[in-house]
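What follows are several structures.
The same chain A turns up in both complexes below, where it pairs with chain B and then with chain C.
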Partner chain A sequence: MASFIDALTYSALLGLMGFGLTLIRRTTGVWNVAHGEVVTIGAYVALTATSFLSHSPYFFLPLAFIVCAAVSGIIFLAGIEPIRAKGASSMLLLVVTIAISLITIAAINIYADYLQNVFHLASKNFLFARFDFTLWGQMGILWSAWAALGALTVSYYLMLQHTRLGLALRALAEQPALAIVMGANVKALSFLSWCLAGGAAGLAGCLFPMRFQCHPGVGTSMIATMFAVSIFGGIEKMYGPLFAGLVLGFAQIYGIDLISSWIGPGVIPFKDLIPMIVLLLTLQFLPEGLSGFVGRRRG
Partner chain B sequence: MSQLLRVQDLNAGYGAIHVLFDINLECDQGQAVAIVGPNGSGKTTFLNSIFRLADIFSGRVVLDGKEIQREKAHRITSYGIGYLRQEGNVFPGLTVEENLKMGAFNLPGKEVKERMDEVLSLIKPVEVFLRRTAGTLSGGEREMVALAAALMCRPKLLLLDEPTSGLSPIASAQIAELVKNLKDKTHLSMLVIEQNLKIMFDIVDKCYLLVSGRMIFSGQPEELQSDRELMRTYLGLS
Partner chain C sequence: MGGQWLLFSVDLLALFGIYLALNLSLRLQLGYTGIANFGLVLAFTGGAYVGGWLPIRLGMWLVEVDPSLAEDMIWNNVIIASQVDLSLQGAPFTAMTILLLTLLAAGAAGALLGLLSGYPAVRLGGDYLAISLLAFGEVLAIIGNNYDPVVGGPLGVRIPDVWAWAGDWRFMAASLANCVLALGVWVYLNSVERSPLGRVLRAIRDNSDAAASLGKNVARIRLNVIVAGGIICGLAGAMYTLYTTGVAPSALSRFDWTFLPWVMVIFGGSGSNVGVLIGTFVFILVQKLIITYKFALSFLPFDPVWLQFLLMGLVLILVLNFRPSGLVTEKASYALGRREMAKAAGKEGL
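After this line comes the complex of A and B, so read on.
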């Protein structure tokens, strides 16, 4: 049962992380490698606020959303947009996000050292399970993570389908030059996308330590899995990461249990390879991802 | 007729590539102006530079008395310029209705429905496929949708970049008829690039000949047609 709850919780958190990655890819065409560090920043916002203000991490979800939205927005404005404006290719922008990722990892490590050395906080390895509540016999993180993912997916879907802003974001994803010609401020829309994506990563980061161990490299270690979620889910629809997170979360947790029962516990450290195998199979046989496949079948 | 657009000593291109040299052009209100020239002469770059999709190195673009050459690209529509691009002129994943709404992105929300009704009364065939996804339409249908979307912003000036390019003769004739009707009914000013000179000479009031980024002729369509040397050398017609 613990594995099942772990898988469900992990799936929702993966979905939240993949949501941001998909949103950025969909609207601005950039694969943001630094997204993992934004997730880590969310966890450190929770650690800092919980340690100094002595409230449950749930209380600081809005703060994590805002801080991470701001960080992601700054990454876009300071790192991506000036280079994109000069006509940089997607590949070059990917390299830029790798550089930003490395800089951010260093900054997070320095901050974790600072918290540990000055305030004697266990900032290099932390878990908030003691703060969690219980609802219907299950830890609150299970319900919270799914509520956050569901609310984000539904509200974003409604915004995309029923507002002018959403229409402009969809138009931007299809034909950026035409969207400009029709009067859409592409820079502002892209900035908004990065902020929303960062906010979603912040929620995931704030919730993650409620069930799983966190450290300065937690987001970095999960970025490949986030990419797998985003690619497997597809960028056609925003519900893609939700389903992909569910499939990959279960595949990772149950898959490694199954494989280790056949081969032995030596394979457990390699559990992150399962999403990579799914990623490779997706790129070979379902390159448009789940949502693209569903769209094609319907269309 | 009062002057709507004046382009003065325009030098433009893309990054370090200089495409247009000292271009001067005028378009009066209600006038349709053609820009003709061989492939690669800079016709599309000229339209792009008016819309700030190409880099302007020097010169002025004055619309209705206001200089717009330093405006950001997304603001140009709000000054009253609609642009039907040659390629990528619809959002294929959006419905036709959504494409039209996107065309009215700069209008206040409450005016969009009214404007859509006006545009649909001008381009009636579009109404039939309003709910269809633009990507499922034929080339001619897409062009009509693109034209309708370009009209949604209530333009004073419409830029048309080869509206019949790649279309069948029947679809080309339909589009040409629509553009002609549009000019007659709305007195909209137009800057037109069109390879099909027969269609174009029927629509426009004035012609400019652009060769290697320089304007080498301006005058009435009849004047250009009667200049056999220009027609043969640059337009391949005798």
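After this line comes the complex of A and C, so read on.
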């Protein structure tokens, strides 16, 4: 049961991380390698605020959302847009995100060192489980992670379907050239997408230490898993990461527990191979991902 | 002071050789063929693991070591390596045999890993291919960290020193050997440059559809290039392990062995071997200077090593913004040398 709950929690967090990656790719055509670092920044916002203001990290979810949205927006305006404006390919933009990743890794580690050396905080390895509450016999992180992912997915879906802004974002994702001709402000829409994606990553980062150990490289180490969520879910629909997060989260935690009960515990350390295998199989046999596959079957 | 500088220079030379070989492999894949290989670390790690696994076993086989130590090669690796070192000090031929066999195995491992990662990936386009190779790059790190028999798990292993016979010149010999590897790759790339193969690779890079329409098997040629790149990376990985006489999976990170080579190649220019050489030298020098003088920056409230990452990222963004082709741009290459061209032009009466 414990691993089932862990899998559910991990799935929601993966979904939140994959949501941002999918959104950026879908609207601006960029695979953001630096997305993992934005997740880590969310965790450090929570650590800083919790340490200095002595409240539960849940209080600081909006702050993490805002800070990470701002960071992601700045990444877009300062790093991506100037090069994209010169007609760079998606491949070149991916390289730009690697450069941004290097800068943010350095910044996060410098900040973690600073917190440790100046304020004597345990900033290299932290966990907020002691701050968590219990609801209906389960840890609050389970409910809050799913609430955050559900709220984000539903509100984004409603915005896409029922607002003019959503219509413009859909146009940008599906027919970018036509959207430009029709007068859509591509730069503003792309900026908005990056901010929303960063906000989602911030929520994931703020919630992650409630159940899992965090360190300066946590997002970096999970970037391949985030890619797996995004690609397996498919970039066609924004519910893709939600389902892909569920599948991968369960496969990585619950599935590996099941397999280890059959063939022994020696298999447990290799659970991180599962997202890689799923990613590679998806790229080979289902390149449009789950949501693309469902759309094709319906359509 | 003089000794310090000598040590600095020799270590610089050793790392320069390793990185230049690795970066030229990326140049072959990215610069010539347009393959964005974000999984360089895979074949490099494969070669490094071979370098961590094979020499100690070859050493036990070729020189006299207490056979009871073989019962647990990982637990006893330091003792075995020390005993083999003592024997190798007076046996250069045996040491070179271990070196050559290790390099052969590392090249084969690199080729196999290139084939395994390249086969499913080559049919994918642009950034999907890049992500696929990036994911592959993580696989060996996960295995190495969690499966002790490979290279001792996260703690790593110590290996016999195949340069022990060189005595005080050990570091110099190892550094020069690394540079010889890089030189070999350089010569190979230069020969490719003007060959029909080089022109086919550039055609695939510039317009793969056009190349396919002319009967070129694009997927197969890309796969061959990834395999060739894998061999080079595997050799570089093994040479690195043999130089450091040890290997730990944590030292084989994506950042050091994929992203850093990318920064060097983009900075120098992926279209030029000379550009790659300059990019490699500049970044290795900066890295070494930061590491050497980090204690002079101890007043900072953080580890100065992170300045290197900051610098790398900023330089990469600036280069991509203002000079995307890098410091040295690609020059048109001709099928014939200048003299032959002049001769042919004379014959044609041009």
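Note that in this section the second predicted complex is superposed on the first by the 286 of 299 C-alpha atoms of A that agree within 3 Å, B and C clash if a C-alpha of one lies under 4 Å from a C-alpha of the other, contacts with A are read in each partner's own complex, and residues count from 1 in each chain.
Just so it is clear, a contact is a pair of C-beta atoms (placed from the backbone, for glycine too) under 8 Å apart; a residue touches a chain by one contact, two chains touch by 3 or more.
If you're wondering where the values come from, they're calculated on a predicted model, not measured in any experiment.
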| item | value |
| --- | --- |
| Partner chain in contact with A:Ser54 - chain B first, chain C second, else both or neither | neither |
| Chain B versus chain C as contact partner of A:Gln175, first or second or both or neither | first |
| Partner chain(s) touched by A:Val186 [first = chain B, second = chain C, both, neither] | first |
| Partner chain(s) touched by A:Arg164 [first = chain B, second = chain C, both, neither] | first |
| Chain A: partner with more touched residues, chain B or chain C | C |
| Touching partner for A:Gly79 - first (chain B), second (chain C), both, neither | second |
| First (chain B), second (chain C), both or neither touched by A:Thr134 | neither |
| Interface residues, chain C side, partner chain A - complex | 36, 120-121, 124, 126-128, 130-132, 134-136, 138-139, 142-143, 145-147, 255, 259, 262-263, 266, 301-303, 306-310, 312-314, 316-317, 320-321, 324 |
| In the complex with chain A, residue positions of chain B that touch it | 15, 51, 53, 72-78, 83, 85, 88-94, 98, 101-103, 105-106, 109, 133, 149, 153 |
| Residues of chain A that touch chain B when the two form their complex | 87, 164, 167-168, 170-171, 174-175, 177-186, 299 |
| Chain A - residues contacting chain C, complex | 31, 33, 79, 82-83, 88-92, 94-96, 98-107, 109-110, 113-114, 117-118, 224, 227-228, 231, 269-270, 272-273, 275-276, 279-280, 283-284, 287 |
